[in-house]
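Two complexes come next, and they have one chain in common, chain A, joined by chain B in the first and chain C in the second.
Entry: the complex of A and B
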């Protein structure tokens, strides 16, 4: 069941009805059943994967917490009889057991994810290695596994929970079914946001009264998401793909336009989907974490990544970057370099090594292809360069007496960041790494051949669609700008009822009419032919 | 207490008003975006226009495009006072015909259902979305419509697209004209009780009609199932049913089909006639009476066939001559006037 479908809309309506008919105490159960039904629509077999994650995480977390309780009890009972060293040794033993449990949970789940997502990637490399080293042409066949929907999201979310339990940042959920809901909550299982247990659990299990306002507010959010997804993103998909595929013919400004439009497409697609998720969750009284905060208004790459896919970024920061930067081995190596090679480089090692690993992993997370790894590493390189050249940049600005608060300077930085990130996305829309570099080169050639009519006629973006998409993008950015001064929805809800309804009716009309969905109307096929 | 009551009433009034506005908006959008079938593809109007005529329809003709081009209800009325309507659309398969009958029975019980067999020869998967659309978009919402959509949908089609045509036709925004808005609530008849007049002439190339003798001549189980269901539905409701094949000069037919249909008709004690065998008696001349080399009849052919059919039905079925009934006479006078003004 696609998120953007009538089936899903009907499903949500049905679940809402049942949800609000049930006594408040049992409403979380409705959400659990609905989430499993929703997930079963993606394939009954996929339920097995989510159950493996839920059960393994629940068991490991419970045992980890049990060890903590054991330790507390033991230390309490033997309060006076243990020496400091004995206490330390006991704590270490417990920690070791907990670490084993944590590792078991991580290995089961990440092992599952790695196997499902990267097995073909690994096979490709093994085949290549065997061919180049031993000349073996008897290739290992690819597994061609279809990834269960949302698996990386719910595994990341569950592992975040397990790590939090390990570090004692939150308490375990004792009720297995409530925990199962945390893992499977249907609005967020497709594409996030990746929620933290401490944040999401109270939202999921709280007992709320029926409030029409909540449904109305959620519905506005859903419609706004559909606007971004259907009017902008889906309308641009064919144009972007075809321009990239035909870049030998359409170079220069055509590719630049496609790169720009791809930024709009991916933002509309992803943030639109998140809007739908957040809006649907809101209808059930569940507040999900925001995942985008006007990323295209960022003034640096680092800032951009704090505003784009926020929950994934913070996940990597909290569960990979920080633990790695505190890793004894990395700290020691930094110390070694500081003492024996260079003070300045040594200081950077505990930051840059974890950062490198984070970006490598981020790249891999986006897809099991080299191009994503390269994309991730380019992000790393740009962030490092930005940091390293910061003093130079400051000096230049001082010399030139450039004021950072100046509107033109702000615009320049936003413009620069936007295009830098857009250029990096060329890896995303290219077949492979060489194609991405070729596309990048092609941008700077043959600008004079640009003819907008060719976009309309040959590149699957008809003139009317082009106008619609431009207007829709302007609306999207205007909305983002308005959002800076607080929630636009809240401002709409302060307007007279008639105006609120006019806005909602307009939104529904625009989405249903200008949305890019369905098989399209081919007037030709409706002309009567010989029967 | 009174103020509380007033507030409650006011609130209810506002909610009702909102609901009405939403329904109006949705209906209007659907109507604006749906193809109008007024100036072209007029067979798309046949189903919609039936409801205004249902209470006058003592005989309904159900079938495919051969029927709506061959039977002129005005001729039947003028000849024998038979008040009829043609519920036939291009490429209309047996299952749509069945639900057309079921839908008609819910509006007004006709005296006689005449079911054309021309399309029964096609395989189960011979379904074209445009034809299904033209047949169903105008059908009133009922369980029959929903069942008919279910029976007709292709693999990639969705029920929602039929119930909310806007979802299917929204991309027409690029070609919308002022006519789409003007005609959104257009209710004037475009067809003559389902008859679509065609004055074109394209004579046949082979004068002698020879049926095919090759290929799999077995009717598909699904078509047979819906034929049986149609007969049973009529008989259950006390409505007579007559099976026929509209005359055409097409080699796509086979004596084998006639035999299979005849056998089923015999089981239910129902008449079946293949009017191809009556070409000479009817006086059809395929050098002048067809617009497409024999596949359909043109207006000249339709006049001849309708006249003959009027006589046949009057002689073989208990259908009252309604020309002296004021209600019917007034209705047909209106139809005739519209026909003249057309």
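Entry: the complex of A and C
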């Protein structure tokens, strides 16, 4: 069952009916059954993977917490009799046991993810190595595994929970089935957002009365998501793919236009899908974390990554960057370099080494191809350059008496960030790294040959589609700007009821009439669903 | 307290840590400094400082850092 289909709409309506008919106390069970039915539609075999994650995480977390309780009890009983050193030694013993349990959980789940996602990548390299080193042509066959839908999202979410339990940031969920719902909640399983247990659990298990407002509000959000996905993203898919594929013929401005449109496509696709997820969850009274905060208005790359795919960014920050930054080995290396080689380089080690690992992993997460790793490392380099040259940039601005709050300065920074990020996305839409560099070079050639009619006639973006998409993009950004001053929906809901229904009807009409169902249309698939 | 000041001096020797109360607010420490200091504190005092503890109030002065370490040691 695809996320955007009549089947899914009917499924949501049916689940809503059952959900609100059931007594409040048991409604979470309806969500659990619905989530497993939804997931079974992606392939019954996929249930096995989600069960492995759920069971292994539940068991490891329970044992980790048991050790914490054991420690608390022991220290309470022996409060007066233990010396500081004995207390510390006991705590270390417990921590060691907990660390083993944490590692078991992490290895099972990330091992599974790495195997499913990267086995063919590894096989390709092994074959290449055997061929170049020993001349072996008897290649190991590829596994061609189809990644279970949303697996990296629910594994990240579950491992976040396990790490939180390890650090004592939250308490375990004792009820296995309630925990299973946290892992599998169907609106967010396709492509996130990646939720934290402490935030999502109370939302999932709370007992709410039926409220039509919630349904209406969620429905608005769903329609807005469909607008971004169907009117913008799907309309642009064929144009972007074809322009990149035919860049020997269509160079210069054609590629620049495709790069711009790809930024619109991926934002419409991903944030549209997230809007649908958040809207559907809202109908069930579940508030999910926002995943986007007007990213194309960011003034630096670092800021952009705080506003794009927010929940993945904070996941990497909290569970990879900070633990690595504070890792004894890395701190000691930094100290050594600080004291023996160079103070300035040394103090950067605990930040830049973990940041490098985060961006390398983020690249790998996006796909098992070199181009994604290179994309990640370019992000790393740009952020480092931005940090290192900040003092220089401040001095230049002071010399030139440039005011940061000046509207032109703000526009310049937003423009620069937008295009830097858009150029980096060339890796995403190119076959491999050399093709991406070639596409980048091609942007700067043959501008004079640009003819918009060729876009309409040969590149799958007919004239009326071009106008529709431009108007839709303007509407999307206008709403983004309006959101700076608070929720647009809340303002709509303050209008007279008749006007509210007019706006909703208009939205439904626009999505129905202008939703794109031509070449390249595949509403069921989301770009991020494949990650 | 002396050990803490020694660690802080390793990063910024020019500061008078007995009297300074705006190490973060006055941007004397940048994020690089804070991470290095936290790492050394964890190593020296064998305590676990996580991202949640990394807030300006805990690092604005040597006294605040001392109070944080004491709290963590008692936990």
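Just so we're on the same page, the second predicted complex is superposed on the first by the 517 of 531 C-alpha atoms of A that agree within 3 Å, B and C clash if a C-alpha of one lies under 4 Å from a C-alpha of the other, contacts with A are read in each partner's own complex, and residues count from 1 in each chain.
Rule of thumb we're sticking to: contacts are C-beta pairs under 8 Å (C-beta built on N, C-alpha and C of every residue); 3 or more make two chains touch, one makes a residue touch a chain.
Bear in mind the structure is a predicted one, so any value in this text is a computation, not a measurement.
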item	value
First (chain B), second (chain C), both or neither touched by A:348	second
Contacts of A:335 with chain B and chain C, given as first, second, both or neither	second
First, second, both or neither for A:515, with chain B first and chain C second	first
First, second, both or neither for A:501, with chain B first and chain C second	first
Chain B versus chain C as contact partner of A:279, first or second or both or neither	neither
Which superposed partner A:225 touches (first chain B, second chain C, both, neither)	neither
Touched partner set for A:322, first chain B, second chain C, both or neither	second
Which superposed partner A:464 touches (first chain B, second chain C, both, neither)	first
Chain B/chain C common contact set on chain A	none
Residues of chain B that touch chain A when the two form their complex	14, 18, 21-22, 25, 29, 33, 35, 40-41, 43, 64-66, 90-91, 119, 129-131, 133-134, 156, 158, 160-161, 166-175, 292, 295
Of chain C, residues touching chain A in the complex	10-11, 31-33, 35-36, 38-40, 42-43, 46, 48-52
Residue ranges of chain A touching chain C (in the complex, touch as defined)	88, 167, 169, 317-318, 322, 325-328, 330-332, 334-335, 338-339, 346-348, 350-351
For the chain A and chain B complex, residues of the former touching the latter	6, 462, 464-465, 497, 501, 505, 508-509, 512-515, 517-521, 523, 525-528, 530-531
